[in-house]
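Scrolling down, you'll hit the structures one after another.
In the two assemblies presented below, subunit A is common to both, partnered first by subunit B and then by subunit C.
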Partner chain A sequence: MMNSDDWLLRVEDLSVHFRTPRGVVQAVDHVSFEVKPKETLALVGETGCGKSVTARSIMKLVPEPPGEYASGAVLLRNLKTGAVTDMLSAPMDQVRATRGDRIAMIFQDPGKALNPSLTIGRQLAEVFGEHRAAMLLTQAGIDPEKGPIGSGSIASQRAGVLRRNFFHLTRRGHSRAIRAAVDDAVMSALSDTGIPNPRKVMSSYPHELSGGMKQRVMIAQALACDPDLLIADEPTTALDVTIQARILDLINDMQQRRGTAILYITHDLSLVRQFADRLAVMYAGRIVESGPALEVLKSPQHPYTQGLLAAIPRAGTPRGKLAAIAGSVPQLIDPPAQCHFSSRCTWCAEACTSHIPKLIHMPGDRDVACLRFEQADSIGVDPSDMPSHVASAEVVS
Partner chain B sequence: MTMTSIPQSAASNEPRKDRLRTRASSVRWARRREVLREVMRNPLTVVGVVIITLFLLMAITAPLLTEANQPDPYQSPRDWANIDVGPGVEGHVLGTDSTGGDVLYGIIWGSRLSLQLSLTVVISTLIIGTIVGSVAAMRGGRLDNFLMRIVDVFLAIPELIFALAIAAVLGPSFRNIILALAVVFWVKYARIIRGEIIRVKQTDYVAAARVVGDSTWNIYRKDVLPNAVTPLVVQATLDMGNVVLIGAALSYIGLAQAGLTEWGAMVSAGQSGILAGQWWVSTFAGVAILLWALAFNLVGDGLRDALDPKTEGR
Partner chain C sequence: MSVAVEHPNIGPSAASGSGDVMTLHDVKVHYPVKEGVLQRVTGAVRAVDGVDLSIRRGQTLGLVGESGCGKTTLGRVIAGLVPATGGDIWFDLDDSSKLLMERLRAIPKDSMSREDKALWSQLESNHRLGSMSRERQRIYRRNCQFVFQDAFASLNPRQLVRDIVGRPLRVYHEASGNDLDLKVINLLERVGLGPQHLLRYPHQFSGGQRQRISIARALALNPEFVVLDEPTSALDVSVQAQILNLLVELQEDLGLTYLFITHDLGVVQHMSDYLAVMYLGKIAEIGPTEDVFSNPLHPYTKVLRDSNPSLEGDDLDGSAHLRLTGTVPNPIDPPQGCRLHPRCPVSQPECGWQVDDMFQSLETSTPASFETITRVERSGPFAAQLVMTDDAAARHLHEEITSSRSPFGRAVETITLDGANVSIRLREVEEIPLIPVAPGRMSSCLLAGRPGGINPPSESR
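After this line comes the complex of A and B, so read on.
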């Protein structure tokens, strides 16, 4: 799994803990995965399984305290230079320069992710000011090396200095050219996402737009600087069903055109089926199964994935009781060292309550974390305590 | 009310047409107009605005309305020939006090003192409170705890008594009253803005701003503060009235200079004459205090209703 050099993002052994008065919550527990360039990975799991915390950790957005990166690294590779940055240990200004420029994110509820007191145009302009100031200055016919930019030198390339000078100019109206360049950049970003009449949208406040329109604005903002990776945290859950498909098509379309890799955080398995290349299933802070999306959906190996797929209500099935996974998600405050799914699992055996299953690599680029795929002697327990074994040859059916 | 509603309705048809082609700045103005219209829909708020406007005009044009007393215009000119005369006497529309000081003159020049008092106290405490509250909320942790415990200590003592104690220690003068009130009033703002900032900090749009790589200061300036100030604006408006009320109480008990044209001091000066039937000094000065406090309370309430979408009656 970790052999090729063809990767964009590599999360290695990531653990995120939250200190609460009742104990330490292990929200993300030794999670590893990677995203290849231009690939779509879907991170699936139910509410509270740690998928959103994982996504936010990639951006180093988990509030500290109470959050804490207990272990691991989030490595981001620069596709042009090959340089690797660890988001968790990099200095803050480097993290900020990466956010929005090379990794972008769209949020679940676009209505809450836009500042209600700024116009759309202004909010998008901030992104360009943060990451593309020099380019816009050039476009405006001002030499970014010199320019009428006041005291600070643009050549310093410090984003903060750039932006302050930049907006000082636009606000005072000293330079129509800069304003025009910013407006043009914002307009083309908006019209790229299929927003009709972008000039009108630019001067609107978020509350004046519909939910679908706001999500388009969020996508425009996220893709403004052509990031290598887009994290979409349940991008359609807050939208009407009719608009969901259009937004997903839009994201897919943008990916095709720009070659952005996408990390979907979702619990919508039909989305996975349609758009994801690979799938990772999370349960109680751990990845329990991963592999090519269609393969995993066709023949799920982990009992939790099987239960999850069986629980999807389908149109056309006879009326009656819907399948559900018995029991509920375990508490993650100081959890015991065992398979977290053991309390809900039909195959549960003695060993499951005393061992944490490792991710076992299987043919077809798949991984499963379940003791049914492990050998009794490799973890040192009596074979009679193990759940019924599945030979890895049986997996690819 | 009808006077104000006519231009309002004319304005409401207009924006729709030009909104299509205007830039962001004029949209911002259109929104401000909307808030203004919302505020003005409440007749009581309009009453408050009218009273405040009249007081402002009075304070600004004081030297034109009455000839300023020399050397100190904030001492009523003494007309020793007309002591304790009632309202309506030639040259003294609202009467005079026991030292021949003109009551109308006192009220007019007193409005300047009230304005000076409330503006100085509210603006300075607003700045101090915002800085302290913002630092506490943005930094969090121990510093937050430390600052908020200081705020708690201040809040534990009733405003009037605390201000009284400080002013008494500093000695009787109008400037010390301002100082005392400033020391007392900033804590409320610090507490309010801290709570609001913590609320705003948890919103997705702050996370979204961090996601695009904004710096903490830029996020504070552009996302956090503008969305957190609303309750502060309302509180500041209400305090424009409260400050004068407490300031009047302090000068009433003699913490301002003797003979100052401060309304509270005038109530105090006229008090001894009330039993002798000389009601006018205390009454007119008291009415001035009442109207001032009432007007700012009406406007403050109106602002709260207009700015808070959750309030009933919209």
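After this line comes the complex of A and C, so read on.
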């Protein structure tokens, strides 16, 4: 999995800790995965498993303090030049230039993610002002290399500010041309997401729009700069099922047209089947299983994945006979060095409470972190302490 | 119109016999909208707008719908937490008194005979919410309990579990002192907790455990009917499975009747015997759960089913799926006729198109001619006179509407052109009622009873 050169994002050994008065919360614990260009990777897990923190770490959005990047790197590869940036160690201005341009993010609750005091048009214009100022100037018929705006002053945060600056620095005609260019760019971004009346939406405030419409605006904002990677953090959890279906259709459609890679964060395994190429299941801060989505859903190997799939009610399950996973998620404050699932696992054995299982590579591009797939001698444990063994050859068949 | 559906007897029948736990007839909950300095009432949010429903003893009725459709309000009305602004809610009608109620209801009040009047008032004081005697009211309150969606918000953070779960027992003078503690421990053990949890506060529990405490509190007075308002939507899948199993186990042991309110179709399919689908304050379809899922008789049900992502199945071909367009209309001024028609993929001319719908469809389909309308004079929801900017624009609009092949275009009865004025009259449609279309099944879609059913034309031919 880590060998091929065809990757866009590579998260290596990422650990994110939060310092709290009660101890260090190991929210993300040595997580590694990669996203290939144009593919959809779904990161699935229950509340508190660290999936959102992982997603935010990629954008370096975890607040420090209390957060802390304890180890690892988030490598982003420029597909054209092949240059690799580490988001965690790169200087802040470079991180800012990457956010929204090459990596974009859709948040769970569009009502909270949009600024309530700016019109939709202004908010979307910010993206262009931040990342596409030169393009706007060219469209407005101004040479971005020349003129009073020059190099650095383009980095005004809002297109609104941009506009005002131009008003002072250039002639009125320029100002009007820039305004038209900004509006055109915003309009086309909005109508791309199937918003029926973009001109009306541009002049409205977020509270005037419905949930589905706000999420469309978020998608328009995220995809405005044609990012290589889109991080969708539970984009439809706050929406109704009929709206969810339409938003997912839209994301899917945009991906087909633009070839964006998507990192899809969700707690809903049933969404994964429709959308993801690959699937990574997280539990208590670690990835416990990953592989091609359909394969993992068809024959889950990790006891947690198996339990999660069995717990979903579906037609044909006798009533009252859902296979629930006993117990609840363990506390992640200074956790012991063991398999975090061991307290809820039916196969749990002596070795499970003393060893952290590593991701074991298996045929069919799959990885599982469970001692049932480990050889007793390779981790130096007495075979009688190991859980019942499963040969990796059995997985593929 | 009679609401009694012939329910086949499925599910556990409680010792107290069969019959309805709750019977609803044309129940309405309208919240007034107040405006201005004087707080004048200018309209009403029609949260629940004419619901007929009966909940059979020992069964689970699932109630699904999207946010804002009124399902929670309906649950609250049934549990007596919100007063109904119209219609009747009957509690604990056995089959004979239900027949009596239906017979008497059909007779106008002033032409009732003396005996019938006496029977009616007796029936009301025994069974009708709002007219019940104090004694019956007490019985109703005990027997109808509620589990709320957000277990954290519905448990008092300053009370111990002992006080939370024991409170109903204390209020009804069922137990006190040591006896109370023992009863509470019993209840906690029923829901999978133990005596060690007695002296803890709600914040010390996980989400699943809190929901267990809520359930224990609801069961404290040994009710026969529990309204479950999204009891698992705040929980993770693995914990949700635990709670669902617990609810089924309790139902089997105690012979409970559930009203299960949820937006999750997978859960409702798993849990309920009967399913009612709600849209914008009205029931769109009701029937046995399996039948509703395998053969929906309302386009909205079909859209919901198709939109629900599933782990297995053949839905890889996304093109055949029905999707709704637009957004949920304002419940202050809901569409006439069928509530769904402006968004419906298979809408017909007789679905109740009105002037407001016309504007909406003009605004999205032909914004150019929409912008040439300068003034509108309405004469009722189905007729209006439009004043256009000039004669050419009026001709253009006239042409556009008459040539339109959309259901809305075909709903136009008369359209006359007079200079820059266009008068338009659309087909007038009454409310479309929920009618029986198959044994045990009711739908409020015009197409449900027709050959070809609710499928889009291309599919049925």
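As a convention for this text, the second predicted complex is superposed on the first by the 365 of 397 C-alpha atoms of A that agree within 3 Å, B and C clash if a C-alpha of one lies under 4 Å from a C-alpha of the other, contacts with A are read in each partner's own complex, and residues count from 1 in each chain.
Operating definition for what follows: a residue touches a chain if its C-beta (ideal position, glycine included) is under 8 Å from a C-beta of that chain, and two chains touch if they have at least 3 such contacts.
Worth saying up front: this structure is predicted, and the values here are computed from it rather than measured.
Colleague: Following superposition onto subunit A, is the placement of subunit B relative to subunit C best described as a clash or a fit?
Modeller: Fit - subunit B and subunit C, as placed by superposing on subunit A, sit side by side.
Colleague: In the superposed arrangement, does A:Pro116 touch subunit B (first), subunit C (second), both or neither?
Modeller: first
Colleague: Just to be sure I read the superposition right, which of the two partners does A:Ser15 touch: subunit B = first, subunit C = second, or both, or neither?
Modeller: neither
Colleague: Have a look at where A:Ser57 lands relative to subunit B and subunit C in the superposition and call it first, second, both or neither.
Modeller: Touch partners of A:Ser57: none, neither subunit B nor subunit C.
Colleague: Looking at the overlay, what does A:Leu309 touch: subunit B (first), subunit C (second), both, or neither?
Modeller: second
Colleague: Who does A:Met213 touch here: subunit B (first), subunit C (second), both, or neither?
Modeller: It touches subunit C, and subunit B stays clear.
Colleague: Just checking: does A:Ser32 make contact with subunit B only, subunit C only, both, or neither of them? Give me first, second, both or neither.
Modeller: Neither partner.
Colleague: Go through the superposed model and pick first if A:Thr266 touches only subunit B, second if only subunit C, both, or neither.
Modeller: neither
Colleague: Enter the shortest inter-chain Cα distance between subunit B and subunit C once the structures share a common frame, rounded to whole Å.
Modeller: 5
Colleague: Once the two structures are fitted together, what part of subunit A is touched by subunit B and by subunit C alike?
Modeller: Looking at subunit A, the two contact sets are disjoint.
Colleague: Can you name the residues of subunit A that touch subunit B in the complex?
Modeller: Residues of subunit A touching subunit B: 56, 59, 61, 65, 96-101, 104-105, 107-109, 112-119, 121-122, 126-127, 130-131, 159-160, 163, 200, 202-205, 218, 221.
Colleague: Can you list the residues on subunit C that touch subunit A in the complex?
Modeller: Going through subunit C, the ones touching subunit A are 66-67, 206-209, 236-242, 244-245, 248-249, 252, 263, 265-267, 269-271, 293, 303-304, 306-312, 315, 318, 321, 323-324, 327-328, 363-364, 367.
Colleague: Hey, which residues of subunit B end up touching subunit A in the complex?
Modeller: Contacts found on subunit B: 19-20, 22-24, 27-28, 31, 141, 203-205, 207-215, 218, 222-223, 226-227.
Colleague: Where on subunit A is subunit C touching in the complex?
Modeller: It is residues 46-47, 196-197, 210, 212-213, 240-246, 248-249, 267-271, 273-274, 297, 307-315, 317, 319-326, 328 of subunit A that touch subunit C.
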